[in-house]
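Look at the two complexes coming up: chain A is in both, with chain B in one and chain C in the other.
Up next, the complex of A and B:
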């Protein structure tokens, strides 16, 4: 197999997607709300479907907004079900997101005759196809750059997440660490919760096309969880989780390109390999991390 | 007047000891008819309190008496079913900056990736306001507070590397960095070592010297008279509130812990021990 410009775009889209997810995901992991990413990434489906059926276009802003709104509603519904139904939050999350996801699948398969939105594509994404959807052509130093739409969308979301985290770093930190104290100091924990949920929903929707709903959770959680093993500082953890995400994207696509030739398989999915790379990096960190790794801990307990 | 024992139970609403019914602007905490319920079951009921300034106030009562809930309701962390809370005569929302909070140690994740200094600096966030990053001055205040609790050498450690007692002192240091006028502390003495207990008592006394008021949820009846000059005895309702010397009596203890026999005998032992020492 050979490497084309096409492949570089796939890596660039994957890297931006993973980086945007890692930024929002770091705070999900620290708030012990990893499953919320899972819930939101599934529950945005009916939002996508409704917006799609209404506008009939996959590029519309309406679709993006519809899904983001559903994502935030998931967080709201979860809170309601847990309070009114008197069930713990994990269970109420399970109730809300499976219901919304099923509704979304129903809408898609019902409307599938009219519109080409493939449930498989929704689940697993289509990162290999993103470079085909070009929004702009630029010629830089005589080289023609065909900018994929996904690159622009994910780039914008990455910058949004970055801006929020840089500007509100101390607010995000205190509300994740000690929400009650944060509230007494005027950093309303409920507000910060929904701000983060909005970021997760927006990121999820943007990442949907590239990696699909199942792999969004891997990109949201695994790189930050890996970074958490490697450092004891929040700022460093956020930076490292972005680095991990980018490594997953590059490593995942390289594996997808070169692995079939080595093993004799026909084709390997890029987004699948991105998740596998993320898992491998996590396993390596779990064993070799300087303070929290298995080796370091067993060495400490020997002394 | 203020020193008069305010026996609240069964006397709701009536002006107490000649005090007017409105909230005194000089009282760091005055509570009227406060009720909090979870799922329609009341946790605290009809609470009336008037705490004088500059006191070390112990809040005691059996498990489930609503001690933490009382604190959280005053800080608007749990919704009130009814009633009013005033901090120096104004609602909490207005006076937020004057109020410090020391939550229970178990309420946070100690594996969180922050250093000891980072956590203590959080005390200054309220004064900093939104969007402003933590600056050198905040870190300086945090370092001063850490020195006061004897943990300056641990400033750069990750918080899970501290012992339970040291973690409790970090929370205290954070409250000091906040420099509030009235502090609400939720069981700072729970499961701490002797050094930490001494450190906390030292800090409480320093706060008192500086005219601050501290309300402390407390479990150990044996140290009540030694640590606190004002006592609130709580069991869903306020059984008694007043100077420790006047309200810490066997009868009030029975009313507060009534029915819980083991606790009652523990309490009785504490009182008789105190009485024995006084002779």
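Up next, the complex of A and C:
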């Protein structure tokens, strides 16, 4: 198996996606709302359907807006149900996303019969195909660079997340750890919550349209959880989870291409392999992490 | 849940069925929903049974704050399904054996549950992240395996993914047997282990300290959830089974705080959503059954969220309102009592020549505006507790005097208790006592009386003197 420019682009797109997700995901994990990515990835279906019914086109801008709005609404409805009904967060998330998904399914089968919106296709991304969709050709030092669209989209999302987190780091940190204290210090904790949810929704929608939702869900949760085992400081955790995400992307694609080749098989799914790599890194951290790993813990309890 | 609500609900259902039995569309509806239609009977009964099983298993998940376990679990079955397929193809040549696929799904599903429990128990990663990790990594592994299968020469994999998306409208007799088996097991387990599961749901630490095998019970509970999920997955699909595991249980929680009732109501809601939802979708061609069932369950949830007598919005608002009224009334009565007490050594609280309290004096007792005070007095007047003397002031009736003495007495007993036993400075007890005096039960008052034998014995009406100067 050879490594082509093609493969480099796949790793680059995967790394950008992982980094963008890891930035938003660190705060989700700390707020114990890890499943939000999964919830949003199911819940955007009615947004896609309504966007199609209103504009009559399948252009990605309309679809993106529809999906992003539904993603934010998922967070809003989850908050309402859990506050109004005194329902636990996870349960209200589940109620909201299954209901929205069912609504979307109904809208698609009744209203938009001609759309090829297969609910299954939402879940299986095609990161392998992203380099085929080229938006710009640049020649840098005599090398032709064909920039894939996904690279541009995810780069923009990554920069957006990075900007928000750098600018509002203190505010996000304090409202993640102690919303009550945040409020007394004049930080609008509710605003921070919805800002974060908007980031998550935009990231999720942009990324799974480009690379498939399973990779997004994995990258939102697993690298930040891994980083959480390695450090106690939020800034370090965010940096580490971005590094982990990039490692998963590179390692995952390499594994997808080279491992099957060893036994003479065709390459396997890259997004699946990236998720599995993330899982392996998490398992390693869970066992060997210097302070919070299982080994370190059991050694401490022996003393 | 009280009997009134149960009867009302039964009447509502009966009325709905009677209503549905008139008219031609209604005839169709009735014949489908009442199982007179042979083609849809199997689907309706199966989804209803699955709803019952989901409601029961979901109640345990909800009370253990693990509602999304069904989500994680159902995604964790994918690698099992594909692995089972690969193994079956290698050994028998035909991979589509139903039993093999279900077994594979169950194996990785259980493995997923175990990994969630391990991550939670051994690291500092929380429940939600543990479920997310298992969901995404297992599902990713499934996707990898799936891409291997697609390159296999024996392919014939079409529809392997559809195992996850279900086929509600085209269920067959096998599904019916499986689903009813799962429902029977869920029902039986809930009844047989009722006490154990209840204790585990409400107080795990206590259960452990009593020597119950909590880990084993926990695993048993999750096995039950796995059974329902795996059986439900291939019958109705991943989203519907997640919905069945969450929505009926959350709806039931609005109606009751009692474990037994909650299980019964959740099973009922689950069954009703399956029954009505698949009935509705059978009547309208092209409506996906799974979606209609989820929306039916969601409608029942919204209804419960509004009208549920335990946690519903209406009930909670009314309760909060009534409590606020009672607190205002009791503050008024204690205010009058304290003003009268200041006025003289032996105030005439009631009867002929009752002493009067001026509006101004009362306004000073609390931060009442004149308008607020007037409204509170008017409501107390309607209850026969006070009489107004025009612009001059307010005085207590006989009933009002008794109530005022009781309220003041409760307040002061609590204050004296705080001063003597909780070692709180007399100048600080007023606010603390203010917060609890309205909810002190008769039993607690008796215990306070017994404890506080040293409390200075009070005037004729049994109210002790205040331990602090009254402002």
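Basically, the second predicted complex is superposed on the first by the 262 of 303 C-alpha atoms of A that agree within 3 Å, B and C clash if a C-alpha of one lies under 4 Å from a C-alpha of the other, contacts with A are read in each partner's own complex, and residues count from 1 in each chain.
Everything that follows uses one rule, which is that a residue touches a chain if its C-beta (ideal position, glycine included) is under 8 Å from a C-beta of that chain, and two chains touch if they have at least 3 such contacts.
Owing to the predicted nature of the structure, the values given are computational and were not obtained by experimental measurement.
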Next item on the list: Check the residue A:243 against both partner chains and state whether it touches chain B (first), chain C (second), both, or neither.
Entry: neither
Item checked: Which of chain B and chain C A:178 touches, first, second, both or neither -> first
Next item on the list: Applying the touch criterion given at the start, work out whether A:228 contacts chain B, chain C, both or neither, answering first, second, both or neither.
Entry: both
Note to self: After the superposition on A, what does A:86 contact: first (chain B), second (chain C), both or neither?
What the structure shows: both
Note to self: For A:187, using the defined touch cut-off, is the partner it touches chain B, chain C, both, or neither? Pick first, second, both or neither.
What the structure shows: first
Notebook entry, point to check: More residues of chain A in touch with chain C or with chain B?
Noted result: C
Margin query: Applying the document's definition of touch, where does A:32 land relative to chain B and chain C: first, second, both, or neither?
Written below: both
Next item on the list: Please indicate which partner A:286 is in contact with in the superposed arrangement: first for chain B, second for chain C, both, or neither.
Entry: second
Margin query: Just checking: does A:62 make contact with chain B only, chain C only, both, or neither of them? Give me first, second, both or neither.
Written below: neither
Checklist line | First (chain B), second (chain C), both or neither touched by A:105 | finding: second
Next item on the list: Identify the overlap between the chain B-contacting and the chain C-contacting residues of chain A.
Entry: 32, 86, 228
Checklist line | Interfacial residue positions of chain C with respect to chain A in the complex | finding: 62, 65-68, 70-71, 119, 122-129, 131-133, 135-137, 139-148, 151, 161-162, 165, 239-240, 242-243, 245-247, 249-250, 253-254, 286-288, 290-295, 298, 301, 305, 311-313, 316
Margin query: Using the touch definition from the top, list the residues of chain A that touch chain B in their complex.
Written below: 30, 32, 86, 167-171, 173-174, 176-178, 180-187, 228, 231-234, 236-237
Margin query: With touch defined as at the start, can you tell me which chain B residues reach chain A in the complex?
Written below: 39, 72, 75-77, 96-97, 99-101, 103, 107-109, 112-115, 118-119, 122, 125-126, 128-131, 133-134, 158, 174, 178
Check: What part of chain A is in contact with chain C in the complex they form?
Finding: 29, 32-35, 37-38, 42, 81, 84-88, 90-95, 98-99, 101-103, 105-106, 109-110, 119-120, 124, 214-215, 217-218, 220-222, 224-225, 228-229, 256, 260, 265-266, 268-269, 271-276, 278-279, 282, 286, 292-294, 297
